[in-house]
Each structure stands twice: as structure tokens, then as C-alpha cells.
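Two complexes are shown next, each including chain A; its partner changes from chain B in the first to chain C in the second.
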Partner chain A sequence: MLGDAFDLRTYTRQLGRSSTITVWIALLCLILFGLLRYDNFGSTYNIGSFLNYNSMFILISVGMCFVIMTGGIDLSVGSVAAFASVVAALLSPHGLWVALPGGILAGMAFGAVNAFIILVMRVPPFMATLATMLAAKGCALVLSGKQTVSVSWESNFTTLGMSSAFGILPWTILVTAIVVVAAWIVLEKTSLGRTVLAVGGSPDAAHLMGLKTGRAIAFVYLFSGACAGLAGVFLASGYGAGQPLEGVGWELAAIASVVVGGTLLTGGLGSIPATVAGALLFGLVFNILNFENGRGTISLSAYWQSVIRGGLLLLVILLQARVQSLGVRSKTS
Partner chain B sequence: MTTPLLRMTGISKAFNGVPALARAELAVDRGEVHAIVGQNGAGKSTLIKILTGVYQRDEGEIAFDGAPSTIASPREAQERGVSTIYQELNLVPLRSVTENVVLGYEPRTRWGTIDWRGAHRRTGEILSRFGVDIDVKAPLATYPTAIQQLVAIARAVSLNAKLVIMDEPTSSLDEREVEVLFGVIRELKNSGTSILYVSHFLDELFEICDRVTIMRDGRTVGVANIAETTKLDLIAAMLGRSAAEIQTAGMTELAATGDRSGELLLEAEGVATNRRLRNLSLKVRRGEIVGLAGLLGSGRTEAARAIFGCDKPTAGRVAMKGTAIDCPRTAISRGIGYLTEDRKAEGIVPELSVRENMTLALLPQLSRMGLVDKAREREIVERFIRSLGIKAAHMDQKVSELSGGNQQKVLLGRWLAIQPALLILDEPTRGVDVGAKLEIQAIIRRYVDEGCGVILISSEFQELIEGADEIVVLQEGESVRTVSNPGVTEDMLVHAIAQPKAKEVDA
Partner chain C sequence: MSRERSSAERGVLLQNPLSGISLRRHGGLIALALLLLFNIVFTRNFLHMQTLFVNVSQVATIAIVAVGMTLVIATRGVDLSVGAVMALAGALAPLIFMSSFGRANPGLGVALAIIVPLLVAAACGLFNGVLVAFLNVQPIIATLILFISGRGIALVLTNGNLQTFSNPIFSFLGTGRILGLPFQGWLALAIALFFAWLVARTLYGRYLLAVGGNETAAGLAGVPVRTVKIATYVISASLAGLAGLIVVAINSASDAARIGNLMELDAIAAAVVGGAVLSGGRAPILGAIFGAVFIQLVRYTLLANGFSDEVALIIKAAIIVFAVYLQQASRE
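Here is the complex of A and B:
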């Protein structure tokens, strides 16, 4: 135990360099496996529908990544996405340009509530977002009258979820890519992004350095809320209905993606591309299991798929721990 | 007479009803280097934190730069032109050196994004002024404490402040680095910047400061021009005793004897590790203090780590009473204790109380079938709080609420309490006031006289010269020569450290 504590220096060095490698290698392996084993795996249709479906998870994972980098957590993303999908469906008769901002704002409203509870009322993020998770779920059910809310097919609302830009690239994927790039730029290239990391790495130090820590924390919850809201709009637009009961367990999927992407749960260290890779990795497992089911070699229920995802999470995290400790081990024990 | 840059009057502050400051006063002129001295817990850091908005004062007035100060947060302090190096190095270890220097003030590209190339270059330039050439993109935590301290200083001086506050900036620096820092302070001063300087190294004050404010028990007990005072006067004022009384007590309490007849405790033979230690040989006997001397980067801390088994030797061996040491667990079970230099990262558990911190290493001995013997624990803690003169409200106070020097004493207490046969002390008196330093040195000597051994690492030559029975000099990870007491002088030691490699120098 003492030995570990003494190795903080080596550990940090290792951490910075090697923690994102594992997820990329795992992702590459799965893609190769799929390409070699299934004929239609690399088809435009499969890739398109895969990315289209997973864009929602990529969005909330990226939002979650920011929250976790400050050392916080946002458990409300799943319910907030469900709530936003209801809001967007209700607004859909007014067209995409009302429903889209409406859904995002609905998400940000909950983000603002989270930030308020955490910053002003000084409630730990876990509790604060657990409360809003329940609240958002309730709001979604009240607003929808406990039923799925069908969207308007007359307006242009479903264009977002069901058609493609220039006839080839689904709009959802394009929008998600833009969000990911923007998030990446904010993290790597702006003062705000660096403050997020500093707050997570050492809250007291960040405060004493005169950084705007409150602003950084407010930002991550607002951003996470916005991402969840956007995911909700995708959900309504892509599946033709606002779904108050969706989103269960999404927060855990997002946390898993972030962790697999090498982001420290305690904050201070993280990567947007690796988080996206983490989200894709989990999506791919589903995709491959579906192919396998389709071939008839196995027949797995969704429950079993969940077990397999859990196993995979454990495996990647164990691999990461090994990679990180390789350098340290060789010196100390 | 012009108005001073900073004037704090009648400042009081209590924590949970316990007063830390009682109508303290401070005035700093423009372009002067002003020192604050006082014992551990006198309220120096608290006064600074009230100025920079970390704490809110209970009463008192602050005027800064000709106007009443309304500074309510560290951010505002920086914006008003006060930049601060806090005593507990406040940096973000996981982030890069560059980020730690420029965060909040990053150079921008014309797109408004951070100009990383410019930021790295600027950081490199500032640090090279300090004679530090490192990879600024690496996480701060990959560097030793001294470098981290220089990074904190680099950040503070790069903010173009009107007042730069340094709370014990030299606590982990060696003499050469201190000289470089003084060069920077003189430059700042010449450009009209004021510096507020807190240090327990009184000699430093005479070299660099213009005036000094003396604090005791939360009060300002004196202000003096440094040219018109003496070290003895300062110590007397700090401790609240008369100068004559102190003179008879002597300056250090370690009193090396040069007796070298005890049983061999620890032996290291040609030890090398992956961490800049190339060839270390030394012997420690019962009743002996062996000092390790050398410049920064000479491998003193690395030597301690190797002896304690933190780093596995790639060559050579370490043996304690004949048993090879290969990991901290065996080291501890063979009776070796190790007080590390980096108390924040590796020692203090800030959330725990003074009592819990002190008995952390002792718990196995205090427990019977998983239950801690509370009465004995309290008795032991009580004894060390008294003998080390730890200033705490009570033993269940959170250790992070103690002043820096008192935290150091708690850590020392932790290791003394388990009564190891051999104790490795890396800078044991860092950040400790002169009075407490004498006490700690006396405790170390008493402890050695009871038949234990100590390996002492110190950047203070005086402490080594007067304290160690034998001083092993390290250069670039190699033990190059040994000087033995009695008879070592400062000149001799400086010479031994600086001189290129050779065999034994006679004492």
C-alpha cells in the first residue's frame, strides 16, 4: 500500500500516456472481427443505422465526460433525454426549428437545476442528480400523460432523425460529429476546458489559482443537460414519438463509455475522442451480437447482452489497469 | 511620506471560536521586500489568506493601492494585482507544468483559443530563468517537490502583480535555487513590485528583505528595519523571551558526538535504481545520525526511497540487521520508518484528525482483535502533542486546519510513535519555526541516544554539520565521499559537495 502511494509520480506519467490506448485497440479488434465474420457488417446500411442509433449514446457520453472530468457525476441524463423527447414531440407540429431548440432547452433547464443544487445548495453531485433524475422522469410522465407522444408527420420534424444530408450522411450523425468536435475544441483549446480539468484535478488549488471554478462546474452540467436534450430530440425524431419511459440505464451506459475511454472517475484527466470510442465500443458489442443472432448460431436475449456488456466493461478496465501498471510494476515489486 | 501599497489594521479572525488573529497589523511599502516572521501557528498564513479573500475577516480594515480593499476571492486578488504562492503548494498535479503556470492567463490565438505553442514557450522561458530545464508538457506530479515549488513561483511572478506574496517559498529549495529566487525578487523589486515574504530561514531575511513584521499568537508584536535588527532580536521577539535567555541555549540541538561504536543497523552496498540513483553505499549504526548532503537532483530522496524499499534496486543491496529490504512492508517490519519530503502528497491525510493522523502507522500495535485501545491512543497522542509543542485546538481537530509547521510536527510524531530502530527523515524541520526546530532536533537526538539510528536529509547545512555524526555526500546519484564529525565546517561541506568526484576527504 505504501509502495503505491510513493509511486504517484510514475503513476501519473503512465496514466497520461497509456490509458486511452486500450479502448482504441479494443475497438479496432471488434471492427476487424465484424468485417471478417459478417458479409453485411461493412455495408453503408449497417454503418449508417449503427451510427444513427448510437449517436444518442455518444452525445450523452460526451456530456458525461465533461461532468466526470470535474470530479462530478450526472445521473439524470437518461430521464432528461426522455423528458426532452416528450417536449420535442409536443412541439413538433411547429416544425423542427421550434422542437429542436425546445428539446435542447428542456435538457438545459434540468442542467441548470443540477448546477444550482450543486453550486448554491452545496449538495454532492451524486445526490443532486439522483434527485433530478427522479424529477425529470416524473415531469416526462406528467407531460405525456404516461403515454408515448406521437410526433407530427406533417412538419419537417422527422427530417432530423430519418433522413440524410446530401442523401448519404444521416443528419443525426452530422450533428453529433459537430457536437463532438466542438466539445473537443472546448476541452483542448479553451480556458474553460482547462479549468474543467483543473477543478477536477484539485478543487482547492483551482480556487486558489483564481480560476473561475463555479463557472466551469455550471458549464459542465448545462452542457450535459443540453447533450441529453439533443439526444431526446433525436429519439423523438428518429422513432416518431416522444417516449417518457425511455432512457432507463442510459446514465450507466454513458459512465461506462467514459470510464472505458480512460477518463479518471475522480476527475482531472480525460479525453473526448476516447470517450466516443468507448461509446462506439459498447454499441458494437450489441451490433455484433445482433449479427450473431441473425446467423442463428446463438440466440441471446437483451438480458444476456447486458451481461456481456458488463463483462466487457470489466475486461477493458482490467486491461487498462495492467497497461498502466506495467511500467510501475517493473520497478517496484 | 507616501501611503503604503498595503495597510492592514486591526485584523481579527477566529475559527470556530478559537482566535487565530487578534488585531494584527501589516503595512507594505511600494517596491519593498517585506518579511513576516513568527512561530508556527502565529497567524502568518491566515493574515495572507484574509488579504487574498480565501478567508473573510471578522474585523479590521484593509487598504490596498490607495483604496479600501473589497477583495472577496483569490480571483479578485489576482485581478487587483496580488499574486500569491500559498504555503501548501497549490497546483494541480495531474495537469501539465504549462497549464499550472498559465492557467487563467493563457496566451490566445486570433481565434480566441489557447495558443499552446506560445504557452509552452513562455513557460519554458520563465522556468529557464530559474535554471530549470524540463519538459513543460509533462504532468506536474512527475517532478520533485523543489521543481513544483519553482513552478508555483514562476506562476506568481509571471502575473505582473503589484504585490507578490510568498509563503515559505524556499522550503524545498537548495541554496543555488534560493539564490536564483533572490535574483528574481531583486528584479521584481527594481521594477517597483512589492514582495511579502514569509520564511522560517531567518538568514534569508537579512539577505533579501528591507523590513520585517514580527507576529506572535495572532498579534503583530513588532516592525523593524532589517538593517537595524539582529537574528537574536528577531528570535527573541518571536518567542516572546529575552535575547540573553536564548543566547545561552545555542543554535541547534542536535550536538553530534562522533561516537561510532554502535552495532551496525543498516548497510547499503552499491545500490542503484531506475530513479537516478546510481551507486549508493552507506552504513548506519546504533546511536548515530547519518546525514545525506548534495545538490538538488543529487539523489538524496532517491537514496531514501531505495533504502525504504520503494524502488527496487537494479544493482547492489540494502540490508537491515542482515535482512535484505526489498519493499516498504519488509522495511517497516524490520523497524524502518520514513518521513517523506512531500507531506501533502504522501503523508498527511487532510480529512482525518490530528489523533488519527498521528496513530495511523501505530494502529496495528494499538489494536487488540480489531479494536483500538482508545485510552492508550489518547495517552500517546497527548504525549507527542506536548513534547513536540503542536499547536492544535484539541486532538480531534482536522489536521488540515493546523498551520503548515504544525502539520509537519504531526507527521514526525507519527513515525516517532512507532519507535522504529531506524528512522529516515527527509527534511524533518522544513517549515518549522526556530523554536520548534530546536525542540525537534532535541527529540531526534534523544531518540538516537536511546540506541536508534537516523538518516537525516536536510538542505540546511547547519543542521547537517551540527547534527550528523557522519555526512555522506551525493553527486548525481552516487555517494562520492563521507565527512565525519567532529570538526566538519560549512566550508568543508560546501567544498565536499561541489568538488568533482574523488575518494575520501579527511575530516
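Here is the complex of A and C:
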């Protein structure tokens, strides 16, 4: 167990590059393919709506990436986003500056519950966040009275999801970009980020080295909760309603993005840009399928989406399986 | 949220110093006894054959899936795909016996409508097992693939349509009675007893616990680790397929979008409440049945006493956390 921490660096370099490069190449190929094949693929409208929709998934994927880097998992993000969208919609008459922090805090509250259950009650993350997933869903349904909660159109709440900064860049994209860059800096440049990786590499070694492991673990669940909360605010603001039943399967989409981005589920290794690339890759596949549907070359019902998503995940896993089996044995403690 | 949780927890905690029985070992049984007592006193018509009938018919599918889940958890794995596999099997069955071939040969049609979906489910398990055993993919991720796409395949097959049917022979799976109790209840019991025997008395059982306890050591001792893992995922998926058929038979309708929805959560919860440990090495099959009954009874108690389904969700969450917490505390 201790050995893992010592060769962390070399292993990060070798494995990190080889597995993140796959996702970048795939992303570039898809973009090139789209640009060459479809006229409107590179249009401002397509890019804008594509990024606007996928910003929610990018956010929860980045939060999930932090959690997974510590060797944990956060299954609650989808329900928490739904819960936050209801909270934000209920607060929307008071304006964006109440509803936005309200939604984020609602997400962080569940993040705090996760951290408490995991750190204090010592329940494995998988079970803890499974439980909060149910609890958040229940809370969202109770709070909303089982119905979608329409947002206030009088206040400035919908500005966030429906209009653009300086007339060009949708606010959601700008905010998401800021969160992504901040997360990247925290991971790469701060001691907190190093601690997160060390905890994932080997919790015991990190603890013995005197690192504040508890603080790092609490941070990742709070951050993931905040990201889910923000995604919920985007959902309510962009689609005009708090939606208690939304968010089903988001956690899995996020996990898939993180895995595609080369982050190992055993923790100790991860890349924020590659995770974002992974989320974009999934989004892009569906964007391209929509174009193909529009052209009439294929006609796939919406039901195919999940089949294709699963197939794509399988493909990535098969590619990664070789890389993983070279250097890493399972590090369950 | 906290009110219900704390009173439920307090009920169990109070019992401990009074009785002197170890809370860790018997916490679940005490909680179940309290729950039954509460229902006998407060819930109207609780001591009624109809109540038993409803509960048994609802708990059977959870129990059947939970048995498979317990086996998977014993290998240190988890099977997220059970709900999707249920949907797949449940969508296939009506397609088969309502096809022109199935209508022309009713007997053979129904037989095929049971066998083919079970084989497809087993194939799903084989897929999961191969990913886990040969490619060393973590179980969560390996079963995630079918979790995502299994239901999608079911929806594509049925084009998202609700299939309704009336087929007395097939519906016996979900509505038949033996000795006044639902057929699927007896089926679940038989399955549980069989697998309890399998774990306790056969080579497979020994291997299973060895793999879950220490995979490397088991491998060195000559246990066919990969075969055991694959077999376990095949069993889990097959049982999920069976549960899917039962759900369809109960409703005389098949809706691929809804069959087995959130079943993976119920099954994991039942297994864990029943004493399965996520770090593997234990396979309390009868415990899983107990866990399934407990979860069903909690839900029934809440619904019968006017709480909504949402509140039941929140309380189920609290129970899961508390059950694992007790497990964890007893190990430390």
C-alpha cells in the first residue's frame, strides 16, 4: 500500500499522458469531422447552444473528477442538481443574486452531508452518496410538491441561463470556464490539490505524512456539491423551471466523462482539462448524431442515445484497460 | 427529514442498554421487531391476509435481485446493471409471446418468452463478468455500461411503447397463488434457500468467499478467480432477468422505461442491511431476504400511515447510512 505513494510521480507522468492523449485526439477528430461534413457545425449558434447545454455536465464532471481523485465517488450529483434547481426556482422571485447562491448552497449542504457521513460515520463513499442521492431526490420532490416549479420571469433570474455576456458569450459558458480554470489551478498549484492526489494515491501514506486528509476529503465533496448546485441553477435558469425529476443518470454521465478523461477510479491521478474534454466528447457525439439525423442519412430515435453512450464508454474502457493493466493493480485498502 | 430519522434511530438505540443484546449483531432484527410492533398497534388492518399478500408480492422482486447482488458484493463487486437487465428481459418477453410465432404456438411461445429473456440476461452477466474478470475493469464502471445502455436497448426494441397483454399462463409468474400466497414469494424463498445452500455447502460457495476475502491469496491457492467472478455476475444478471419477467407478469404490461427503475439501489440497500460488506468476503443470502423484507416493511409502514413516497425515499436513505454505519462500527 505504501509503495503506491512513492512511485506516484513517475506513474502519473507515464500513465497520465498516454491515457489523456486518447481523449484529446478523439475530440479533435470529431471536431474536424464535424467541420468538414456539416455547414453549420462551426456556426456561432451551434457552438453556443452546444456549450450552453453541456456546461451543466462539464460542471458536475469537474466536481466528480475531484471526488474520484481521492478514490471516492459521488453518486448524488444528479439528484442534488435537481434539488438545487427546485431551490433556485423557488428563490427566483428574489432575483439572481439570491437564487444563485441559494442553489449553490443547497448543493453544498448535501456535499456537507456526504462529507459528514464519509468522514465521521466512516461509511464508504459509494454507500454514503447512494443514500444522499435518494435523500436529495426525496427532498426535491417534497419541496416542489412533485411538480416542476416555474421560475419567476419578472426577476433577472433567467439572465444567467438565457442571455449572453457582452452579447456574445452565454453567461453559463463564462461561469463554467471560470469554475474549470479555478479547479485546475487548485489542483495543480495548491497544497490542497496535492493533498487530494496524495489521498487518492494512498490514504494511509498521506495521513502518515501529516497531510490534512480529512480536510481534503471534505473539500472534494463540498466542491462536488457546489458544482452540482450550480448545474441545478443553470438548469432552472436556462429551461425556466426547477425540475425535481431531472438529473437521473447525470452522475453516470459525469463518471463516464471522468473515466474517458483518463482519471483512474482508484484515485491518485486525474486531469481537469481531460475531464472537460471527456464531457465535451460525449456531448459532441450526440451533436454529430443530431446533424446526421437532420441530414437524413440515419434516423435514430432518442432511445439510441443511451445505447450509444454505453457503447462509447465500452470503447474507452477497452482502450484504457491495456494501459491500466500495465502499471496499476487495484489499490483497494 | 431529521425528525423521522432521529426517531427511528432512537428507537433502536434505546433498546440497546435495556436488553443487553448486542446492537451491532441484532440491530436489524430489533428494528424489524419494533417495526412490526408499531404496525400491529398503529396501522389499520395490518394483521390481515391482504397485507401479507401485498407485501410478499412486492418484496419478491427486490429479494430475488438482492440475492444476486449479495453474491456480487461478496466478490468485492457491485452490479449496477440489474435494473436495466430487468427492463431488457421484461421488454423481450411480451415481444416473443405476442409475435406471430408466439400466437401460433401459445405453449412454446410462453416457454420461449421465459427462456430467451433469461438467456439474454445471462449474456449481460457474462459481458459484465468478462469486463471485470479479464480486463480488470472496476465493477462499478463495468456494470455502468449496461446500466446506461441496457434500458436504451430495451426502449429501442419496443420503440418506447407500452406493451399490454393478457396471457394467463405467463401472468402466473406474477399473479399466481400457491397456498394463498403469491407464486413469486415462494419462488423468491426457493431461490434464497438454494443460494444459501450453494454458498454454505458447495465448492462455488467456498471459492466465492475466498475470492472476496483475498483475491490474490485465493488465486495463489488455486481458486479459479476469473471463472468464479464471471459465474457470479451471470447469476446476478439471470436473477435480475427473472425479476424483470415477474414485474411484467404482475402488471400484465411492459414499459421498458419503468421496469426495474432504481432497482439497483433497493437491491444494494437490501444486501447491505442484510449484512453484506462492501469489502467482500461475506455472502449472507438469508440476510439479503431479511434486508429486502425490512426495506419493504419500512416503505409499507410509511405509505400506510399517510407519508408520501418522497418521504419514504429520504427515510430509506437514512436506513442505508445507518445500517452501514453499524457494520462499520462493529468492525472497528
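What we mean here is this: the second predicted complex is superposed on the first by the 304 of 333 C-alpha atoms of A that agree within 3 Å, B and C clash if a C-alpha of one lies under 4 Å from a C-alpha of the other, contacts with A are read in each partner's own complex, and residues count from 1 in each chain.
Just so we're on the same page, a residue touches a chain if its C-beta (ideal position, glycine included) is under 8 Å from a C-beta of that chain, and two chains touch if they have at least 3 such contacts.
On a predicted model such as this, the values are computed, not experimentally measured, just so you know.
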Chain B versus chain C as contact partner of A:Trp97, first or second or both or neither: neither
Touching partner for A:Ser202 - first (chain B), second (chain C), both, neither: first
Which of chain B and chain C A:Leu130 touches, first, second, both or neither: second
Partner chain in contact with A:Trp153 - chain B first, chain C second, else both or neither: neither
Partner touching more residues of chain A, whether chain B or chain C: C
First, second, both or neither for A:Lys212, with chain B first and chain C second: first
Touched partner set for A:Leu318, first chain B, second chain C, both or neither: second
Overlap of chain C and chain B interfaces on chain A (superposed complexes): 332
Chain A partner contacts - residues on chain B that touch it in the complex: 54, 73-75, 77-79, 84, 86, 90-95, 99, 103-104, 106, 112-114, 116, 138-139, 141-143, 155, 273-275, 305, 309-312, 327-329, 332, 340, 345-346
Parts of chain A lying in touch with chain C, wherever the complex brings them together: 73, 117, 121-124, 126-128, 130-135, 137-139, 141-142, 146, 249, 252, 255-256, 259, 265-266, 301, 303-311, 313-314, 317-318, 321, 324-325, 330, 332
Chain A partner contacts - residues on chain C that touch it in the complex: 1, 76, 78, 131, 135-138, 140-142, 144-153, 155-156, 159-160, 265, 268-269, 272, 278-279, 308-314, 316-318, 320-321, 324-325, 328-329, 332
Residues of chain A touching chain B in the complex: 2-3, 5-10, 12-13, 15-16, 185, 189-191, 194-195, 197-198, 201-202, 204-212, 264, 268-269, 331-333
